[in-house]
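Okay, got some structures for you below.
In what comes next, subunit A is part of two complexes: it sits with subunit B in the first one and with subunit C in the second one.
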Partner chain A sequence: MTDEALQSDDALSTPATHASLVDEKIVLAYFVAALTFISISMLGGFLMAAQLLRHNPLNGIEIFSPGRWRMLHTNAIAYGFLANGFLGLLHWVIPRLTLRPVLDRRLSWLIFAAWQVVVLATAVGILLGQAQGLEWGETPTWIDPLAQLGLLLVAINFMTPIIRVKGPMYVTLWYFLAAFVWTFLTYAMGNFVPEYFVSGTAAGAVGGLFIHDLVGLFVTPLGWGLMYYFVPILLKKPIWSHGLSLVGFWGLAFFYPLNGIHHFLYTPIPMFLQYGAIISTIAVELVVTTVVINFFGTIWGRGREVLTNLPIRYFYTGMVFYFLTCLQCAMQTTLTFQALIHFTDWVVGHAHLVMFGVFSMWIFGMMTYLIPLILKRDWYSNKLCEYHYWLSAAGLAVMAADLILGGLFQGWSWSSLQPWDRSIDVSFPFWMIRIWAGLSMFGGLVVFLYNFYMTWRSEPEPAMDVAVVPA
Partner chain B sequence: MFESKSGILLVAGLAFFGFAFLSNAAVPYLMYRNIPEQTAEELVNGNVRFQFEDLSRRYPESFVKAYGDPPADPEAGADWWNQNVADSLREGRDIYVGEGCWHCHSQFVRPVSNEDKRWGPVSASWEYQNELQRPVLFGTRRIGPDLSREGGRRSNDWHAVHLFKPEMTSTKSPMPEYPWLFDGAPDKPNRRGLALITYVQWLGSWLESYPDYENYQPAPFEKPAEDSESEDE
Partner chain C sequence: MSSHRENKATIIVTAVLAVLILVPSLWGFGMKLTEFIALVRGDVDGIFAISPVANYLLASLGFFCLLLWATLNGMFRDIEEPKYHMLEQEAKLDEASIKATPSDH
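Take a look at the complex of A and B:
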């Protein structure tokens, strides 16, 4: 590209309008897709929870097998809800931050369609019993190349406006830029290396790296990047410390990928590698603490916003859960804890704490903020938005606490060499509480969907327009 | 570097990722590169052959329907049996993965928490160095027990009934039913059912401790009286 083309591309020469930057329809389309898949995912979780209580209404039907729906549950959250939610939000944030539209709007819609094909094909493949034996990577092997191509197109479409920005970049764009590279590499590593190139214990190390990087290098940087964007906008004040932002980003970039093996402690993977993963995990907790301090420094003196501003409350609730998750992680990754809690519901509680308590809550918060702006009308009911928050937050808190505690009892039951059935008896009350907590979370989602639908049906208010503020 | 595009793309994006891949994935690969990876054919052993032939005796109609008649000639017969066992191991493993068995049953006996007392020898690296562990099935959660030493502990009949309706053998088991692995009755496993049972009976069949029974109690058997010399010792 010539210099002239670059200059004519420079959006600052002609004032950018919101409409010229953001394709609101695609943001909305991604939100609808995301909410569809989280609904399916939660139904899958409910089916598995009911099976554990031996009250599965669909017992013995092949296509409703709880084992298959459990995989659908996790994959629909990762690729159907979080990925769709993030992609929609990126279509809002990146053009507004860079003051440049994405590379091509038609490409955006092509990616949207392709990604829904990937997620639906994953769901169908899993339900037909063709899953791949890799956690979070159960996507049948014949879909993997398409997903990989989709991720490449996503990176090209979004990185173009970021690369064209001259001068220093805002924190959010550091995270996004790195996340596009990481996500592409992580998906390739996890889905192809242990399937075709290595086997056995070494494949276990790659698998651990994959599940960990998927959370740490795809979900986490996109999530925090969005927080660095939305929190200052909603609070109308800058991030507290630029230095801490730097520490947070580079600390995450260095230490997070080194953690993978902590998923398989006490396996035949060499012990010195396990120690390395444990130490890096504890280092991540220190990094996370600096990030959380930075955000609480930002809201310092404006604490009342948590009461009055619902999206801010979602964000900061997620941050508290994030801190708790990482604190828990730094403890549970030690060999002392692992001996007891590995393979128990403790880990399941931990996974819900981070995937729902942090990232889903953040996406809900951003949706609560953006949907009125996109539809140009207020929420049908602010009270229902509050219900959504409280049912989700309370349900998640109960579920996480319940499963973490239940995991301890399971671990003690196993190590004391009681008959295996005893560990099921011990788990039963915890599983009973878990299904009610899950129903609370699902209830929150239903309330949100109803509120969304009623808002969409109501008349738009022409006065509500979105202004572009140069970042 | 810390805020520039090239720094973020090259150092954080590529270099740090590459460093982690080298240290966390390439190192274990290089350390274990001398343990040969076995094919399913190489994994067939006398124990799993016994179980597979046992299936043919217990469910002759279902077996012939799934695999055809075994050749009468014993020379050709050995190859026929071994090849069908290998195919069943591959198919059984695919079903084990596709049904999500491995999300509730680990295949990895840890050196802690008394696991070797419950299940047998602690898992070693060479046990995973085969094509059926692509990707490796360490597991992620135990609702049911670990299965890496399950083979030979229970009969094929037990497994058939258990897969058909788990609570018939394990009261209060939260395991789902898998009637689609059968033609309507637990004594009529279809090809998928036979393959899965073969796969589960293979787990741990490479160990000297096979078969190892969970509730093994020596029978009340008194040694015949021996001469007094050996008694003194």
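Take a look at the complex of A and C:
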């Protein structure tokens, strides 16, 4: 990278400033959209949990049937919360890292509007029963081309400043660059290949790749890329080893794409593909270990920051959950383990651990850091920020542990050939705990929304007029 | 002197971890690739296995080319430098932004 007198690319005589690079309004707009969709998603999760306890308040209403709420729950998290959250954060990070604004701010707003249309249309399509038959790819077929075009525009808008960077790139930019290509390809693979080109077992295999690549090649590179940016900024010290971070990046690039087949162990998919998926999943765990070592090496000697700096606490909590979830993944994808836990709530616990415990916690941490900088005022209540963290982290820990354990009981019940009803009876106490854990997480979100609203209503502080002061 | 020692330790840790990850993974991948070729050659049904493997190879080939391009263009020459540069650039950007702010605030 070169920063000759910190000059922006388009006007070499103009020194780059935060205001000239970052459009804070769009960052905030994405945050509002993300928080709206996570509220809807959590409501969907709550209704599904109530249905399992036979207390569905919307019983008998077709468009609000539990199966549809469930799809709304997962899609609103992936495309409504995570995608919106990441897009907002990218508008902050990429211009600051590259010292160049995104390709076009009008294009950014067009993408913002188009993406909300895509997510809302997906929600409506799902509720009206038009879901595509693919986990996490339920986006109705008539929206797929628009979503694909949106992802292309996102790639063009963000990749332009990155590819103009000269010299060795910081690891965050490597992750982002890859994520834009991977997300575009992954979406196309999952939504078009099984629908129009292949069928049967091959379509199942591609579906497995899609589900997992959406986690590993869309959410993971963006999440880690953001961590490699925000952790050094907040700790005011460089990452422990940039070389090791690149091992993590290239390891992900080469080992992750084959992982998805592990969703279909014991199927007619050839065993060499199943074994290949198991091996590459274990290899990814080794890669993840290098990444986690790197971040703990970075905070070494500054451990107290986890207690005093809330965004850092969010980040490192997510990292611990990430290591656990990948360790769990490396075990659960073995054939022996899979025979017990397949189709059980273990998998649901695992999914919540990674989607909420890691990536949602990271986004909450980054929002906690950036919202005061963007609004140029302190949080209305730091205590409410703490409540949000503890209600989310504790709720998630209880939910994940509960579902993982409950999944084992379900698996043992099925493997001992007990009647199906018996496994439901066994599951009931776990589902009861799950709904309370979910309410804790939802309560945390409500507290955060209230705090956000009250902060927005308060007066700006002149001392924070320049949005560059670290927390 | 101590920073030189730290750099050396970092390089050794990086190399050891890279070998630990790459060797078993390449061995596993090589074994499965051999089985794959045998399956495609010997079984008519084996052809449907090509679809996910082709997906993987296409993605990996692209990234292999990118890795080659990055290596040839010196992206990994001074491998630790970008982490210092990033923080310095952030500090300068903040400084420039503060200077550019009107003084009446």
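Brief remarks follow.
Everything that follows uses one rule, which is that the second predicted complex is superposed on the first by the 451 of 471 C-alpha atoms of A that agree within 3 Å, B and C clash if a C-alpha of one lies under 4 Å from a C-alpha of the other, contacts with A are read in each partner's own complex, and residues count from 1 in each chain.
By definition in this document, contacts are C-beta pairs under 8 Å (C-beta built on N, C-alpha and C of every residue); 3 or more make two chains touch, one makes a residue touch a chain.
Predicted model only: the values in this text are computed from it and were never measured.
Once subunit A is used to superpose the two complexes, subunit B occupies space that clashes with subunit C.
Contact with subunit B, but none with subunit C, is seen for A:68 once the two complexes are overlaid on the shared chain.
In the superposition on chain A, contact of A:270 is made with both subunit B and subunit C. Judged by the touch definition given at the top, the superposed model places A:253 against both subunit B and subunit C.
Judged by the touch definition given at the top, the superposed model places A:327 against neither subunit B nor subunit C. By the touch criterion defined above, A:279 reaches subunit C but does not reach subunit B. Contact with both subunit B and subunit C is seen for A:200 once the two complexes are overlaid on the shared chain.
Looking at the shared chain after the overlay, A:19 reaches subunit C, while subunit B stays out of its contact range. In the superposition on chain A, A:241 makes contact with subunit C only, while subunit B stays out of contact range. Once the two complexes are laid over each other on the shared chain, residue contacts for A:454 go to neither subunit B nor subunit C. Overlap of the subunit B and subunit C contact sets on subunit A: residues 168-169, 178, 181-182, 185, 189, 193, 198, 200-202, 205-206, 208-209, 246, 250, 253-254, 257-258, 260-261, 269-270, 273, 276. Contacts from subunit B toward subunit A in the complex involve residues 2-3, 5, 8-9, 11-14, 16-17, 19-21, 23-25, 27-29, 31-32, 35, 37, 95, 97-104, 106, 108, 110-115, 117-118, 123-125, 128-131, 133-145, 167, 170-174, 176-180. Residues 10-11, 13-14, 17-18, 20-21, 24-25, 28-29, 32, 35-36, 39, 46, 48-49, 51-53, 55-56, 59-60, 62-64, 67, 74-90, 92-94, 96-98, 100-101, 105 of subunit C are the ones that touch subunit A when the two sit in their complex. Those residues of subunit A whose C-beta lies close enough to touch subunit B in the complex are 51-54, 56, 59-60, 62, 65-68, 70-71, 129-135, 137, 162-163, 168-169, 174, 177-178, 181-182, 185-186, 189, 193-196, 198-209, 213, 217, 246, 249-250, 253-254, 257-258, 260-261, 264, 266-270, 273, 276-277, 338-340, 342-345, 347-348, 411, 414-417, 420-421, 424-425.
On subunit A, the positions that touch subunit C within their shared complex are 1, 3, 6, 15-19, 21, 96-97, 99, 167-172, 178, 181-182, 185, 189, 193, 198, 200-202, 205-206, 208-209, 229, 232-233, 236-244, 246-247, 250-251, 253-255, 257-258, 260-261, 269-270, 272-273, 275-276, 279-280, 283, 286-287, 290, 293, 462, 465-469.
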